[in-house]
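Labels run A, B and C following the written order; every chain starts at residue 1.
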Amino acid sequence: MTSAGLRGNLLLGLAALAVASMPLWASAYHMQLASTAMIAAMFALSLQLLVGATGLVSLAHAAFFGLGAYAVHLLKQAMGETPVVFLSLPVSVLAAGLAAALIGPFALRTRGFYFLMTTLAFGQMLFFLFHDTPLGGGTDGVFIQRPSLIWAVPRAQRPTVFLLLNLAVLALTYAGLWALMRTLFGHALLGIRANEHRMRAMGHNVQRLKLLAFVIAGALAGLAGHMAALTDAFVSPELLGWHRSAEALLMILLGGIGALHGPILGAFALTFIQEIGHLVTERQKLVEGAVILAAVLLLRHGLAGIRR
Amino acid sequence: MTASLNAIGLTRRFGGLLAVSDVSLTIETGTLHAVIGPNGAGKSTLINLLAGELPPSDGRILLGETDVTAWPEWRRARIGIGRTFQRTNVMGNMTVLENVRLAAQVHATRLFRSAARDTGLIETARSALLRVGLDDAETEIAATLSHGRLRLLEIAIALAGQPKVLLLDEPLAGMGAEESAPLAELLRTLARDHAVLLVEHDMDVVFAVADLMTVMVDGRVLEHGTPAEIRASAAVRDAYLGHSVSA
Amino acid sequence: MTGFLAQMLNGIQYGLLLFLISSGLTLIFGVMGVINLAHGSLFMIGAYLAYVLTAAALPLWAALLASVLAGALFGAVLERLLFRHFRKREHLDQVLLTFALILLFEEARAALIDNQFHSVPVPALLDFSVRVVGDFAYSAYRLVVLAVCLLVAALMVLFIERTKIGSAIRAAAESPEMVDLLGLNAAWIHTLVFAAGTALAMLAGALAAPLQSVYPGMGDGFLILSFVVVVIGGLGSVGGAFWAALLVGLIDTLGKAYLPQLAGIAVCGMMALVLLWRPSGLFART
């Protein structure tokens, strides 16, 4: 996996500036849409640590995202009052990371198809936990109270505030992963993706490295989930379902599996395509299905690879 | 005390087949111990057992005083059992230096340190490349190397892990005469500061570089001895050398 | 007591349906190396086919026959057009291809039929209860489903164990290069396996239609459970899938009856235990 160089990061910075300037020229609706895309980008970025960096295709990832979102709701219920964001955010990250740390050791005993199937089953187990039991407030989801920010945000300012917050968190997530891929740990993950067998023969504890990646990715998915709960003030079991994981995989494929910044491109591209599709037809899934087919049949290196 | 690798009664069954049967041998630092035998004699399986890629069905493996029989492969590599593969097995999409550095970083204590800033690792990697003569190829993508240089990269990767014991699985396989002469010389120098186990088909090289030899046939040890003793052994000549010479 | 007996029989019958679905899944994995997430949607299509045909006053047995024939044809077309070209592709591509198929199948169903819940009546001929032992009576249709599933399983085992093509499939499921060695056309075997897997999934859907409601996402639960079956049974093993399907069917049914909130979790918990104990499946030959 390649990380964007200086020029690539400058371009990403310019795009971030464009998003940051949206309050000056865009409607509230479009700012909300941008927030949705950025949350999707955080989620897909966290999955890229597994897929692009380590070579692990996990279908459990949405469960950690959903867990991060539900943590906001459960925390409020446990406390009896609305938590501040400085409490709810770390709780979401920890809850998702902990779930990944519990599931990882089992799922990572397997490889290839088995890994796909076991992550699917474990992810759905968490889905059922919220779908079938009264724990999370029921099958259809619940409206939740947003964690409180430092100051009270008037309704009219919400799109602007959440846009900027999501942009900041996305930028931090990206910067964090960019730095992580430059550490010895990041190099080791790339080594596992390239040749797991040789890594083991060299003396790397591949299992431990994979588990670390799984937990970090899960915790970051929890962060994205927290931002989704904060932005939408709504959580539902669907957030945990494997279809969401598949959608994030689509963003990775669309953006380019070989590039760290690919998922950001993919998330924006998919949000854009879905929005256009929404205007043209009622059949949302038809559009998405056609996009995926086109992507797997035609786009081997994603949007990030088009320049090459 | 010199480190040595001890195999005691090592046995491996695949279903009903005995791939390695009751093999005992000792490899000492400073010696090059060659294992020869016809195809299917169990030489590669022996290396896989010693390196920990396969668990033995029976027997024990000691590194010095430490019983490593139940240890996983990665743990054995960490305490000093390095290996190369019969079929080149590297990170093809990475540069030569990156390949070797990955091997060197096994001993790094701080996992979340910037790789570029860890100059100690890069030095270890470079000295391994220098030792095999690949110091001019640092930035080349591994998959683009010639076959002979890939075989050298195999050895450099093993060296970068700073092993005490080197298990070399046919390092000369597929090499031309021009390339094998310097490699034979390298094998000699490696044996000065390592315990080397060499599995190799090129008999000229084996007899030239080995201090001790073990001949395996059908998973069993047929004969142990110095090259001169092996050359003189009637049993070896009947079972193996005779055929290969006449062939 | 009779309640428990009924649940046991329900569990076995549910497990046998699961076997019809997962045996195809496991063979497709084993022989072709392709992961098919759309396998649950094929089950859904089979159920809707049964609904449409019985609503058009055709008898259920005709719908069952139609689901098998249509499934075989549909599977063969899918294999030739798409899956064949994804055998050597990365898992990510296979996951996304089959995810796309799920979305497209759902849309096709919505466009051609609708998005509603439906019920398919049990055939009048079988709409009665049979006394099994003492006071314990059990639905005749469910007994027939049980019998049909067992018959199909027996035919499948016979085919795989006793015919030349069957032994080629078994060999291919263990090591794909074997097919060529046996002198049979590998491409043809792939089509056959995929067509058979599709036909079995659609047959299961048609059989299940009178037992539950027919609705858009009905394949999802079966897909997840089938994956659990394949993991527990061992990749590519039909015999393993049979026992694993019965186990999962029983645990899921008894769980739903006695611990309704924990049924989904119980099955996955069992899978976790199996993975700890034997990562390549409970019934895998190692």
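Definition applied: contacts are C-beta pairs under 8 Å (C-beta built on N, C-alpha and C of every residue); 3 or more make two chains touch, one makes a residue touch a chain.
Note that this is a predicted model, so its numbers are computed, not measured.
Under the contact definition, subunit A and subunit B share no contacting chain. Of all chains, the one whose mean C-alpha position sits at the greatest distance from that of subunit C is B.
Subunit A and subunit B have Cα centroids lying 44 Å from one another. Between subunit A and subunit C, the centres computed from C-alpha atoms are 32 Å apart.
Annotation: 49 Å between the Cα-based centres of subunit B and subunit C.
Residue numbers of subunit A whose C-beta contacts span two or more other chains: none are found.
For subunit B, the set of residues touching two or more other chains is empty.
Taken together, the subunit A residues at the contact with subunit B in this complex read 179-180, 182-188, 190-191, 194-195, 197-206, 212. The residues of subunit A lying in touch with subunit C in their complex are 51, 57, 59, 106-107, 109-110, 112-114, 116-118, 120-122, 124-125, 128-129, 131-133, 243, 246, 249-250, 252-253, 257, 283, 285-286, 288-290, 292-293, 295-296.
For subunit C in complex with subunit A, the residues that touch the partner chain are 29, 33, 35, 37, 86, 89-93, 95-97, 99-104, 106-107, 110-111, 224, 227-228, 230-231, 235, 260-261, 263-265, 267-269, 271-272, 275-276, 279-280.
Note for the complex: subunit B touches subunit A at residues 51, 53, 72-78, 83, 85, 89-94, 98, 101-103, 105-108, 110-116, 118, 121, 157, 161.
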